[in-house]
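Some structures to go through are shown next.
Each of the next two complexes has chain A plus one other chain: chain B in the first, chain C in the second.
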Partner chain A sequence: MGTINVTVKLFASLKKGRFDEKSFTFPEGTTLSDVISSLGLPKEEVVLIFVNGRHMFPESTPSDGDTISLFPAVGGG
Partner chain B sequence: MDYNKQAMISYREKGLSLNEREKIRYNRQIIYGDFGEEGQLKLKGSHVLIAGTGGLGSPNAINLVYAGIGKITVVDCDVVELSNLNRQSLHWEENINQEKVYSGAEKLKRMNPNVEVIPLHTRITDENVDGLIADCDLVIDCMDNMATRFIINEACVKRGIPFIFGGIRGLEGQITTIIPGKTPCLECIFPRGIEGKKPFPVFGATPAFIASLQSMEAIKLLAGFGELLAGRMLYFSGETMEFTIIKIEKKNECKICSGGKS
Partner chain C sequence: MDKILRIDLGAEGGPKAYETPLGDYSGLGGRALTSTIVASEVPPTCHPLGKENKLVIAPGLLSGSAAAMSGRISIGCKSPLTGGIKESNAGGQPSQVLARLGYAAIVLEGKPKGDDIYRVFINKEGVKIEVDNTLKGLGNYGVVEKMRAQFGDKIACISIGQAGEMKLSGASIACTDMELRPTRHAGRGGVGAVMGSKQVKVIVLDDTGMAMRQPKDPEKFRKANTAFVEGLRKHGVTGQALPAYGTNVLANILNEAGGYPTYNFKVGRFPGTSKISGETEAALETERGGLATHGCHRGCVIRCSGIYNDKDGHYLTKQPEYETVWAHGADCGIDDLDKIAYMDFLDDDIGLDTIEMGVTIGVAMEAGLLKFGDADGAINLLQEIKKGTPLGRIIGSGAAVTGKVFGVERVPVVKGQGIPAYDPRAVKGLGVTYATSTMGADHTAGYATASNILKVGGFVDPLKPVGQIELSRNLQIATAAIDSTGMCLFIAFALLDQPETYQSLLDMINAFHGISLTSDDVVALGKKVLKTERDFNIRAGFTKEMDRLPEFFKYEAVPPHNVVFDVPDEELDSVFNW
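Coming up: the complex of A and B.
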């Protein structure tokens, strides 16, 4: 099985103590949920996922060269 | 732009006009090129429901009452607490323990007696939501929880009523405008079960800022000018002063807006 290289961008509170933008290599077939887990991000804190600027869901599988943007929940009012 | 045909034609059907005092009161917005007296009449002919009168709801209600929306219904089930007073600008020391909608409505009516303000002290539920929004041209989301947002979203999609989503936490906020049939709905965007921990941290400036963006969207949508955050999510971080706008798309299998299963 091959691998994919992706760029992960963290936004707002998610990047505190982590990073702004970083490249990673994952096995092909890795889901976005797997990516989030591998970064040590609590799943409940990541509510919006965009791949190359398009809204995606955790079960989606990114492709080689994709940029994954992760946003936290801001559900107060 | 024809996002809300009902509001655009209703002022003519109602035979509305602006009196001399209204022309003076609203002059600074009437002289805005794409707005004019017709824009003001569209606002006058509109009914907006503001769901929640807390951090987001207070400045939204104030902005829209000053703007001259004809009828505003404010809905909230809470009473004013001391810990609300760092941000909920419609409520003051003297209102502690009073129902928020009555505390707010009394001041809103004094700010602009031309606006009909209807306070409803009730919790928004699956059972009552349809009746609450049935007569509205627009719903503004000022809730403090996702569960109620999903209830409002579903009802708005079914009735084809636009819904301006806003959320805040700390110094962060997000906003998108949902146009049923044209844009993704809340169910397309957010997973279920993402309720944040309460109490959530927040500075008063955050909801005041996001609410002002919601109010701008409301005015543009009702008057029919400008570009809406339709199909786009604006994400704001006050800590770094970053603004990010991301395109969002409908989920094909969305059970709320696409007749799907998820």
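Coming up: the complex of A and C.
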């Protein structure tokens, strides 16, 4: 089975004690939910998942070269 | 709060104050009250700066009580910027103080003869209106300092800076915060120009000796307030994100989502975002001994604001909001947070709408007057406004005027008002709100970002036209109702997700007033307010052709998603068919 390279970006409270932006290699077929668990992020804290700037659900599978951006609950206006 | 204070600036022998009972307006507060008074007393075709226009300043239904979050104030009139009805909303102390002084509203009417400017002082003894020409030409900070020296620091002020005195359409009205600084502005729609046309420089409020407003059913009220506060504390947005990072936490997310308008709405991502994001701003504030969590008025439990110090640790301004940082930042290609904060200070002092000014400078950059990214040039333009030079007056009149003067096609305005910090092509629900709101382009009027981007109150794909009309319609109705309570709109994040928190708000209003509002009544109130405002605008000459975005949004695709605004016109015309 092949692998994919993705960039993960963390924001707001999620990046505390972790990182801003980092590249990872995962096996093909890895779900976003798997990515989140592998980073040790509590699932309930990750409210918004963007892949290349589009909203995605945890079940979807990223492709090689994707940028995954993760946010906690945020608001403003 | 059963009376209205009216000040007739044009009375024979000089300005006169008189009181009228609430009468037909009873039961209304905030935006419902300002819009109803304007719609029934101001001729829709009048000149916004003429004697027929009125400036209505109203606290909310729960202002002046122990209810959390209840200190927002509504300021209404016919807008010199849009030519339609306006309700501009601000935080700060005046709402609570005015409510405790017993007034449901202050109405400035008529027009003075001569060119004196006035100071109005209101305390438990009554109202004093005096000529004070020493205030002429002062900025808001200078005005408030003089008032503090004269009346002490237990006051709250509502004032205008130089822009209001010059009656520029970008002029705001300042409200003082808990530290007695003029940092909370009714920014949008040129309300400051209307106050300037009445030649009132400052209204000073002192509630010494006045009691907090008491609920009809204290026990039920106390319980409801506790449940309400708990609900706000447990929601991720109102309990954590807003207090920790402030509204500017949105910079990164809108940037990631490709809806962060950059270089006058050319692209949807700004390379300098990380330098001006909420995370960076909060860290810098803490490091310099400012504050990253702070309320704009007593009784706020979300506390989305903060204090921004300069690099030497001295107070520079309050925490610039997301829209301000965007307008003076990304929209103008500027990534220097200190310079953006300085522009926030200048806007507050001169009395200008930060959104309108950022959008206007972006248009001036598009025209080639200065280059994108030129922070010093942008600061200079604000200084020109302060000096009242012809160029300054053009910029201070907003994006539509500036675009016309410099021959720019790409001018992001609706009904003459600058489009704020969310690209309508990539956040289409908000595009519907911009196009159709009674206020002109106003993100707060129906904050579709919540469901389009933040997944609060459900999810509607921001990049597709489906579902946006309904989303915007429902939010516009809910917002009109919340704005009428005098509550900070940010409670909506918790209300949309937690029905029990919404119920506790209703319980609180009911216990306070001894009434029995249901959620259906709230929807009906929101609809009534919108209908009243729409009707005023139609009588002022607005047509459905004005409920449109500038046409470049229809044919110019915005990267990174390369989308245009494609919600059909006929659908826009259905927003108010309920």
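The rule is short, and it goes like this: the second predicted complex is superposed on the first by the 73 of 77 C-alpha atoms of A that agree within 3 Å, B and C clash if a C-alpha of one lies under 4 Å from a C-alpha of the other, contacts with A are read in each partner's own complex, and residues count from 1 in each chain.
Keep in mind that, in the parts below, a contact is a pair of C-beta atoms (placed from the backbone, for glycine too) under 8 Å apart; a residue touches a chain by one contact, two chains touch by 3 or more.
Fair warning: this is a prediction, and the values are worked out from it, not measured in the lab.
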>> Taking the superposition on A as described, I'd like to know which of chain B and chain C A:S69 touches: first, second, both or neither.
In response: both
> Is A:E59 touching the first partner chain B, the second partner chain C, both, or neither of them?
Replying inline: neither
> Following superposition on chain A, which residues of chain A contact chain B and also contact chain C?
Replying inline: 11-13, 47-48, 50, 53-55, 69, 71-77
>> Under the stated contact criterion, what part of chain C meets chain A in this complex?
In response: 235-238, 240-242, 244-250, 252-253, 256-258, 269, 274, 278-279, 304, 321-323, 443-444, 447, 449-450, 453-456, 459, 461-463, 489-490, 493, 560-561
> For the complex, which residues does chain A have touching chain C?
Replying inline: 9, 11-13, 15, 20, 47-48, 50, 52-55, 69, 71-77
> Touching chain A in the complex: which residues of chain B?
Replying inline: 52, 54-57, 141-146, 149, 166-170, 172-174, 184, 188-191, 194-196, 200, 202, 207, 233, 235, 237, 239-240, 242, 244, 246-249, 251
>> Under the stated contact criterion, what part of chain A meets chain B in this complex?
In response: 11-13, 44, 47-48, 50, 53-55, 57-58, 69, 71-77
